[in-house]
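Residue numbering begins at 1 within each chain, and the chains themselves are lettered A, B and C in the order written.
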Amino acid sequence: MTANADEVARYLKRRARWSPFEIAFWIFAFATIWLFPGKYLILKDTAILALFALSLDLILGYAGIISLGQAAFFGFAGYFAGLVAKYGIINEPVIALVCSGLIAAALGFVTSFLVLRGSDLTRLMVTLGVSLMLGELANRYSNITGGADGLQGVEIEPVLGRFRFDLFGHNGYVYCLIVLFICFVIARRIIYSPFGLSLRSIKGNTLRAAAIGVPVKWRLVAIYTVSAGLAGIAGALLTQTTAFCSLDVFSLERSADLLLVLIIGGTGYLYGGLIGAVIYKFLQDWLSNLTPQYWQFWIGLVLVVIVLIGRERMAGWVRIVRSLLVRLGTWLMPRLPALGGAAPDGR
Amino acid sequence: MSETMPKTTPILQTIGLEKRFGGILAAQNVNLAVEPGARHALIGPNGAGKTTVINLLTGVLRPTAGRIELEGRDITSLLPHQRVRLGIARTFQINQLFLDLTPLESIGLVVSERLGSGADWWRLVGTKSAVTDEIVEIVERFRLADVMHERTAILPYGKQRLLEIALAFACRPRVLLLDEPAAGVPEAERHELLATIEALPKDVTVLLIEHDMDLVFSFAERISVLVNGALFVDGAPDEVARDPRVKAVYLGEELSA
Amino acid sequence: MLTILYDGIAYGMLLFVLACGLSVTLGLMNFINLAHGAFAMAGGYCTVFLVNRLGLPFALGLPIAFLVTALIGGLFERTLYVHVYARSHLDQVLFTIGLVFMSVAAVDYTMGSSQQFVQIPEALQGQFEVDGIGMGKYRLLIIVICGLLTVALQLILAKTRFGSRLRAAVDDQRVARGLGINVGAVFGITFAFGSGLAGLGGALGAEILGLDPTFPLKYMIYFLIVVTVGGTSSITGPFFASILLGIGDVAGKYYVPKLGAFVIYAIMIIVLIWRPQGLFARGAAR
């Protein structure tokens, strides 16, 4: 068997093709707008959580960095979005959202240099430390942040000057879902790019990645920055859709829950965060109805059981289901080359 | 030893290289000179410091004293990936592969890093024909075409060993350091591996670190012997083979083993 | 000023007793146990139950708290933790965080969410004065007990057969196994003992640290600071780290009360950047 360039190019691009499963996933996601009109609030929270988990997946699933401090970026941008709206600095939500993401990314860039040294435990401590420090700061400057009472009096203008956040949460949910989709497409693009490939190589074997000329440190700095930006957008979304922001955005529980979300869904295939968020929210809703005060017990139990069963085994199960779906999809939609994108470009 | 010394300037040279781990001298006053295009072997008994020297050359370790020059340029303080850019690539004694990637992806990664598009985040993998063309060439050269879509983790060991060299080769090094390339390869797959090493283009300088004396004497044009972290003998294969001190070292090792 | 030092030392010694078990488990099995605080909490609630409800004397409550938590620790180690040692750090983090969540909710369910206080004997309440400086009697007790424990631990590690086995296992597990040391048993015993110490610390500290169901979450970071800053290669490292942390925290809360624990976190990050192996680590052991 010999190789030729066209075939090689096709195989390399094959992974990046939108599978029928993915298309179905997103069609269903947008269909929920009409399917569950009474559930906008929980759906909106799920979309935000999904985006937040997606941001963690980028560094955990693709770069192998364990973080207990993703809440730092979520909270930082959340307060930023609240403050710019409250004081009328940036009135238009979309612009404010982008700015929040950028400022969280800037914070991510700065702190990445602290995080990318040392062992897993050191990273854990530093990420956690950064978010706790921000929490203390927000508490200290309560004249600006509202301290323990939370940031109040935030007025959010209509999105694009037209769509006002209504009481039923319809516009809020649609807004979150669209933002989630856009961020997802960007993350997906990154993952299937040469840059994304180099991240997978770093996670797989850092020593060899360096030995073939991958600038390991800068790639990690870059993805950490992007991840912080996405987490920031998630935080800003929460503030904008609730017109409120409180100190618990920085809490350890938020970061720990996020890990759980991602673990439930599985890491390293982008949909883990989204699926995990749906399952988590569903579980939370169900468990807190069952035992209102103690649902955290069950969440803990889920974590313990997942680890004892073995994440690999669960991932194996997910892989089987996924390959079945893919096979089903290719059987249903025979040969749609157009889906794979254009022919390899000339240069 | 001195009459075989060539006149050309070495492509890779170490001057008084020393590495100390606590109280142990793993390398001392190593003056190694590798000529352009050479098939040079570095041999020595277990624990002689061969791997330490490789790690020093590639920048994994920092020397405690001495210098390393690539074509007369001092590279002692450069980071591993910077040295790769300048043209030093290595393989590992124990496979260091990307187990979750396919050979195609692994080689594609190396090629796109080298062509400066490794940080492209807006473009999908496989959309640059300069990269794909080169992947094809390397896949063919290293006889990986029939397994190029498999996950690396499930390849036969001989193929993994070939991929190990292919990744280093894809860096287009001027100096290729092969660290015991044939170690552990079963007899049936060995021939394919050796033939591939033989067929490496002549403009690539090869420094072979090896235990297997058959391979060393069939391949190398020049041999350096390292003992206790110091260069012991340096010369053409027949000289080294005749040298009584080398025999003593190797016989001594066999006796104690 | 001296009062701060005094309180800080008492606080620091308490932290040491709470965290030293964690330092050994981390050093020995390279295991990240975020649930260590849950054992401390168990000791605290155990004492509350014994002293307040059953009316046992405080002096008897402490050793029982130690034994009960050591038992619980040993039980958990044998049944659950053993399955997770060989796993990745991520799995360890998830597993132990899960345990923390469960313990928080379980205690909330059984004991209620309000803060608990141990009834301390009259003799230990109040202050006495030395050179015009007020010193709490209870804190003196803490310093004495924790000081004795530290000396005892140091002696056990340095002089006993078990201590030398433990040190051998920490230094190099494979070699220790080769020497015929049952590393699993050594670890089980150490884990149980460390949990017991945490339980004792939790019982002693209920008065100073406060005891409510969120205890394991609230103090997790403090224990981890002790361990990461102190390093895991000896117990003197964590000891000095604890004392520094204790004094720093008390002083920080006294002089810049509004910043809260900000100072501590900042110092921790600086130390970890400066010396990722810990402030008192002997070179790069690993």
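Throughout what follows, a residue touches a chain if its C-beta (ideal position, glycine included) is under 8 Å from a C-beta of that chain, and two chains touch if they have at least 3 such contacts.
What you see is a predicted model, and the numbers here were worked out from it, not measured in a lab.
Taken as a graph of touching chains, this assembly is arranged as a line, each chain contacting the next along an open chain of partners. Summarising the inter-chain layout, the chain whose CA centre lies farthest from the centre of chain A is B. Rounded to whole angstrom, the centroid-to-centroid distance between chain B and chain C, based on C-alpha atoms, equals 49 Å.
Chain geometry summary: the mean Cα position of chain A and that of chain C are 35 Å apart. One simple way to say how far apart two chains are is to compare their mean CA positions; for chain A and chain B this gives 41 Å.
Of all residues in chain C, none touches two or more other chains. Shared interface positions of chain B, defined as residues touching 2 or more other chains, are absent.
Listed for chain A are no residues, as none touches two or more other chains. Contact residues on chain B toward chain A in their complex (touch as defined above): 58, 60, 80-81, 84-85, 89-90, 92, 96-101, 104-106, 108-110, 112-114, 117-130, 132-133, 135-136, 139-140, 145-146, 148-149, 167-168, 170-171. Interface residues of chain A, counted against chain B in their complex, comprise 1-5, 8-13, 15-16, 189-190, 192-198, 200-201, 204-205, 207-216, 218-219, 222, 341, 344-347. Contacts from chain C toward chain A in the complex involve residues 26, 32, 80, 83-84, 87, 89-91, 93-95, 97-106, 108-109, 217, 220-221, 224-225, 228, 258-262, 265-266, 268-269, 272-273, 276. Listing the residues of chain A that touch chain C in their complex gives 60, 66, 68, 114, 117-122, 124-126, 128-130, 132-133, 136-137, 139-140, 252-253, 256, 259-260, 263, 293-297, 299-304, 306-308, 311.
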